[in-house]
Every structure is written in structure tokens, then in C-alpha cells.
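Heads up: the structure comes next, in C-alpha cells.
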Amino acid sequence: MTSRQKTTLFAATCLVISMSASVLLLHHIDEIRPRATIEDVLYISSPTIVKRASLGFNGLMACLYWTRAVQYFGNRHHDRAQSFNELAPLLEITTVLDPQIIPPYQFGATFLAPKAPSGAGQPDRAIKLMEYGIEHNPDNWHLYYDLGFVYYTELKDYKKAGEAFDRGSKVPNAHPFMKLLAAQMEEHAGDFSTARMLWTATYESSTETNIRQNAREHLRCIKVDEDVTNLQAAVDRFTQFNGRVPASMWEVAMAEHLAGIPVDPDGNPYQISGDGHVLVKNPDNFPFITQGLPPGYKRTGTVKFHSAP
Amino acid sequence: MNARILHIASNTFREAVRDRVLYNLIAFALLISGAAILVGQISIEVERLVVVNLGLTAVSLFGVVIAIFIGIALVSKEIEKRTLYTVLSRPVRRWEFIIGKFFGLAGTLVVNTFFMAIGVFGALLYVAHRLTVSDASILVALYFIILEFLIICSLSLLFSSFSTPLLSAVFAFSLFIIGSFADDLRGFARLTHGITKWFATGAAYLLPNFSALNVISAVAHQQHIASQLILQNTLYALFYTAMALSGAVLIFERRNLK
Amino acid sequence: MPAIEILGLEKTYMVGFWRKRPKRALKPLHLTVENGEIFGFLGPNGAGKTTTLKMLMGLVFPTSGTARILGQEWTEPSVKAQIGFLPEQPYFYDYLTAHELLNYYGQLSGVPARDRKRRIDEVLQQVGLTGVKGVQLRKFSKGMLQRAGIAQAILHNPQLVFFDEPMSGLDPLGRREVRDLMEQLKQQGKTVFFSTHILSDAEALCDRVAIIHKGELRGVGAIEELTSNVQGKVEIVWQGTVVPASMKALGAECHVSGETVRGVLSERQQDAAIDALRRERMRLISITPLRTSLENYFVEKLQHSETTAGTLV
């Protein structure tokens, strides 16, 4: 073999071995430094500094931060984390870099406001974010919707929610339901139908996976709450009428002339406790319900989505 | 054989020095001392942060620019100016030439970094008035920066073994930028599906990962760097450099020097 | 054992951006160069001389064919220790001084440290650069660079040296110096292979020549052999108004202009013509060779092709 052939063989072998080795090592290194990324990312948590540091490539940086925000949330959600402290800064940086990028606002509305573990538990920052978005995109009716959404779902401030929906309804090309929702806020804010309307609106007007999944989950839970409320009313009627608590759901079904024992969205029948409370079979499957929970039930703190988006 | 590589390396070093490359140290010194003095007006915690961050980032950027532009010139210039002909007509093998050039360039950068490190520590001493044990992690950051340089030098040599000087510089610089965002790239790759996922993941793993070697902000916060990470990064840099140099050798062995 | 045996070296380049077309830089070449001779490789620009040299140096890889240098395969690394190369219009690391350059090359050629210094001084003296050995090469003139180039080519005392257009760009004094150096090398028993398009240099120096044109070998041999059939012409100018019969007998073409006669005849007749004119007591004004015989031979050989690219000096 000539010396040139020898060199070629050696170099080619070296190339293959070192390529494989570096790929493997990179894999290892990733495992050693999972958290490093976000701290790095947010070393500069002041949006204005980031903007200046972007040297004019704001749009690109905004996209980058938005992607990181989604990944951050997705990873932590997957890891069943208890807090999402970096979500607000990430969204704020994104929107300062590019105020016209709309998805972050909606993401913020859905996930900044709710308490842990479904969200960051920072409704005030969510409100600020929405107002910032509206200021820079006054003709985007959906942002007003998002604002009203936060007031409605987390802060339960139906007056402000109504105001937001009202403002939004005045925007040209606003979706007709904005007027509808504004009207609903006046009288029927606490109704299940209103909540269902809102969550359906969110579900249908978003294309972001996480948001849709969250909305569907809420809709399922609204159904449960509604069912339990109605069933509880039936149980109470039975009790009053018969002077005793019903022994089982069968009795209630009979008394109300229902077609069968009512089932929850998972297909499991609702149950009655010994002292006449309607209960859901697997409360863990319904992270947002407020009715039908057994006494002393504590959420284990993980939010698992059961439905497909 | 080893003697020839050593001779080529030291000649390369001499070229860099006589090319007044080391004058960049003056610019660096001005920058870092200016910053230290300016920043000395603010409160304690932040000034340390600024000096470490600015200093290490400057070391990194200055070095990368040198590594790219000199690294490219190493082979391209020699071919263009035909100084290569009289070297290769001697009992010097082509691969020895590439390896020798690499060591010469790497050596230049190590020396450069050494002087810059003195500057950084000097500025730090000035603003913090004393150095603590935890400042030793700055040495780790500098070590990682040198590992970065090794990778970039080898990439510069790889590109200049077959491409024109301008294109090589563009490629090398692009790889540096992309490699600095390697984490995001891998994140993107995870979000794709199908064929795109294969390509994206492949690219994300084969492109040089400079974000793993960038611990500047961690060090600025006096965080401890895991020794496992030091080991793995060292191995990674060595293997990646070997990969790029093997490529350079393979290409250069075949090149017709018209 | 011949110094160089070229056995069918050939080079075809693929040129063009989209559709690559083959361009034959060198057709299969067969050539032998003996030990101890000065061999000239002649041809116009673009004939393939530099391509041949580069292939022998291992800078360019042949499409086919092999060669043996000093009895070994030309690609053997050990061969390189015994040859020296001066490329065309060389350029060296201009940040080095002459001494540093030679030291570097000496290291690469494996000249042992203890011999190196002595050898460098010897060589610098031989090429006449002793005075400037501490000066950076960027300050050298063209002639000085050429001499430095020769210095690096002979530094390690190679048995065989290759020069590519060693006289190019030199003034007459420089060319004379280089020629003298090449003679010296021959006297030292070394073999010199050089390419040129300057015929007068070849005539003055070479034992044998090869003529190459458009990648093809057109003729090989000792100069006398090649030119024995070809004659050059001389122009003789003498004072007079009449053409003597003796000149006409020698076959001269004569023109009279004013007080002088200009006659052109073959250079073989040169001496006879001079004798004739003296017998007639004519006063000679000048004798000028119009074309050397080698040049005639050269031009004839090249006339097979459509155009003769390049200039002949």
C-alpha cells in the first residue's frame, strides 16, 4: 500500500470514529446540563436589554424566545413541575422584541394566569401582557377576548371581563360572539353555559396545541360540574321528598325518570356518598372540577390531560 | 515525522506573530480596562458580573475571529502565493502540513488567551479588590473557550482545504453562529416529525455544539462547573477536532495544486 | 540508472462550470533524463511544461502513467530528500529573513542541525546573498528572490534539481548569474532539469533538450543532432555599392541601399562569406544572426498546429 493510501485509510477511519464519538458524547453532555439552558436564556431578564442586544434582529430573536417559551412550558408540564416562574419573562421578552407576534399573548392568557400546577399563577402579569398586546395591536379583536378571558376565568371579575368583551366587539371584523359574551357577563356570568361558550371559543379560535388541549379539558370538567350540580339538586329533591338520602343512583334515576344512570365524560357512573353527596368516580381525571370531589380530597398536583387536542 | 510537524507549527506561530496578530491584545486590553474603570462606579455585585461577562465574551469573540481569518489564510494563502510548492517538494507529507498548521494556530490562540486571561483577572481584581476561590471557575470558562478555539481552527482548516478564502470564512463563521444556538437547534429538531426530524436531528448533532462550551454566565454567577461536564466537553472537543482534521487531511491529500 | 524516467505521464483536466469538458494539458509523455546532464524542457507558454514538473513534484496527480526518479517510484517520500525544486516566479514567506527561510526549509528537508548552519552559509555564498541574509524577504528584489529560490533548492545537496522557468523576469545580469549557477551544479555532478521558453539559454546550457507543444512531445535529443538538418541565417552588412559575384555564388540574397549592401545567407556559409568579403577588401559593418538554428527547428516543429501560442525569445 502506498503511503498515500495508508494516509487515506487512517484519516477515513479517524473521521468515522471521531464523528460517532462526538455524537455520543453530545448526548451525554445534554444529560448533564438540562437546566443550564433556561438560566442561560434568562440571564438577561430585562426585555429592553435583550432588544438592544439583538442588534436589530428583533424578529428573529422574538421567534427564538417564543419557541423557547413553548418548549419551556412543554418540558415542565411533562416533568409535572409545580412552578413556571420563567414563563412570564419569556413571554414578555418575546413580545417586547416583536409586539405584533400574536400567539404569545394567547399563550399567556391561558397559562400565565391559572394557579399552579396548571399555570404560573400570575394573573396580574397576564393582564399586563394582554393590555400591552392590545396597545400594539388595537385592531386584533382576539386580544380583547384574551383579556376578558383572564378576568373571567381567574380573577372572576365579571364586570371587567364584560368591559373587555365590549371593547373587543367594537373592533371592525370582530367575531359576533364578542357582543354575545359581553351581554352574558351582565347577567349570566356564573352560568355553566357562559363558561362553556368561553372555553369553546378559546378551543375553536386557537391552533396552538397546548391551548386547545387545555380548553378541551376545561370543557370536560364543566360538563362534570354541571352534571354534579344538577344531580345534587335531584338528590336534594329526593331527600326532601322521601325524608331520607337515596341509597343509590338508581333511585335518583327512577325518581327523575332518567333513561339510565348518568355517566361522566369518561363513561363512569356518578356515585352517591353515604351522606347524600354526588361524587365523581375518578376525580384525578378531571383536573378543573369544583364539584363532586370527595371530602378532604387534595389534588396531588399533577395535571394530566386525558383528552386528545 | 514529528519533528517536521513541530517545525511547521512553530513556523506558523512565527507567521502569526509577525503578522501582528498579537496586536489584538492591545485592543482587548483597552476594552477590558476601559470597561473595568467605567463600571467601577456602580454597586459591587453588578460590576463583577460585567467584568467577567464582558471579559470572557471578548476573549471568545476576538479569538474566534482570529481563528477563522488566520485559519482560513493558512492553507488558502499558501496555495495562492505558491509558498506551498517548495514545502511540498520536500519530504513533507501533506497530512503533516495540515496537522502542523493546526498546532501552530492553536498554539497562537492559547498564547493569546493566556495574555487575555491575565487582563481579565487584572480587571476583576481592580473592581472586586480581591479574588476568591470561586473565581477559579473563570479558569474553567477559559479552558472551555480554548476548546471552542480548537474546534473552530479545525473547521477553518477543513474549509480552506478545498474552498476559496472568502467562502471558507463565511462557512466557518456561520457554523460558529449556528453552533452557539445548538441547544435551540436541537429543540427545533424535537418539534419536527418525519424526514425533517431525521435531517434536523442529524444536523443538530453534527454541527459543533458551542453552547455546551459556553459557561460564561454560569461562571459570572460564581456557579460551580461539574467535573463530569469538564471531562465530557474535553473529549467532545477532541473528537470533533479530530473529525474536522481528518476531513481536511482527506480532502487535501487529493487536491491538485494548480 | 537514468536520473528521470517519465513513463507515460498524462494529465487531463475537466474544465467548465456546468458541463465539464476534458482539457488535455499533457498527452502521455515518455522521456528519459540521464545523470549529470543539463536537460532543457522547451516549449511555448501553456505547452504543459509546468504541468509535467508539478506532476513530478507530487503537486498534481496524473490521470495516468508513472515515473521513476533516481530509480525509485516518483511518489516515494524518500525521493523528495534527494531532489530540489524551484517553482516559476516563486514567492516565499515574506516575513522571514533569507537565513530563517533556509533554516526552515533545512529543517523540513531533514538537514541535521549541526550541518545546517554551515550549509546555509555555503549556499548563500554560492547564490551571492550572503550580505542580505538577515533581511526580510519582503524587501527582496525579483532577482534576489530567484536566487533565494535556487538556494532553497540546493540547500540539502540534492542529486537532482528541477527549475521551472528559472530566468523569467530577470535582467540580463541576473540571467547570466543563474546560468553560471547551473553550470556550477553540473560541474558538481548534479543533474539539472529545467523548463524554459527562452531558446538562447537552452542553447547555451543544455546537453539535451525536449520540445513540447500543446501537451505533446515534438522532439528530443542533443542540440547538435536536432539542428544538424536545420540551418540558421545570418545577415551581413558591408560597405559597398555592388554585390560581389562570390557572394552570389554562396547563395546570398543581397540588397543595396545607399552605400551599404545587406546580404542574408545561411549561417553555415558565414565563414566563407567573411573570407570572400575580405578577399574583395570589402569593409564589414556587421554580422547579425537572424535566427538561430535551434529557433528554426523549434518553429518548424511547432508549425504542425494551427496556432503557435506564446512568444519565442
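Each chain carries a letter (A, B and C) given by its place in the written order, and its residues are counted from 1.
In this section, contacts are C-beta pairs under 8 Å (C-beta built on N, C-alpha and C of every residue); 3 or more make two chains touch, one makes a residue touch a chain.
Because the structure is predicted, anything quoted here is derived from the model rather than measured.
J.: Count the C-beta contact pairs for A-B and for A-C, then tell me which is higher.
T.: A-B
J.: Which chain has its C-alpha centre farthest away from the C-alpha centre of subunit B?
T.: It is C.
J.: Rounded to a whole Å, what is the gap between the Cα centroids of subunit B and subunit C?
T.: 48
J.: On a C-alpha centroid basis, what's the spacing between subunit A and subunit B, in Å?
T.: A distance of 43 Å separates the two centres.
J.: How many angstrom lie between the CA centroids of subunit A and subunit C, rounded to a whole number?
T.: Going by mean C-alpha positions, subunit A sits 85 Å from subunit C.
J.: Could you tell me which residues belong to subunit C and also touch two or more other chains?
T.: In subunit C, 77 touch at least two other chains.
J.: Please list all residues of subunit A that touch 2 or more other chains.
T.: Expected reply: 3-4.
J.: Can you pull out the residues of subunit B that are in contact with at least two other chains?
T.: Counting only residues that touch two or more other chains, subunit B contributes 93.
J.: Which residues of subunit C touch subunit A in their complex?
T.: Checking each residue of subunit C against subunit A gives 75-77.
J.: Show which residues of subunit A lie in contact with subunit B when the two form their complex.
T.: Residues 3-4, 7-8, 11-12, 14-15, 17-19, 21-23, 25-30, 32-33, 36-37, 39-40, 43, 64, 67-68, 71.
J.: Hey, which residues of subunit B end up touching subunit C in the complex?
T.: Touching subunit C from subunit B are residues 3-4, 7-8, 11, 14-15, 18-19, 81-83, 85-93, 254, 256-258.
J.: What does subunit B use to touch subunit A in their complex?
T.: For this pair, the touching residues of subunit B are 93-95, 181, 183-184, 186-188, 190-191, 205-206, 209, 211-212, 214-215, 217-218, 220, 226, 228-229, 232-233, 235-236, 239-240, 242-243, 246-247, 249-250, 253.
J.: Can you tell me which positions in subunit A touch subunit C when the two form their complex?
T.: The contact residues of subunit A facing subunit C are 2-4.
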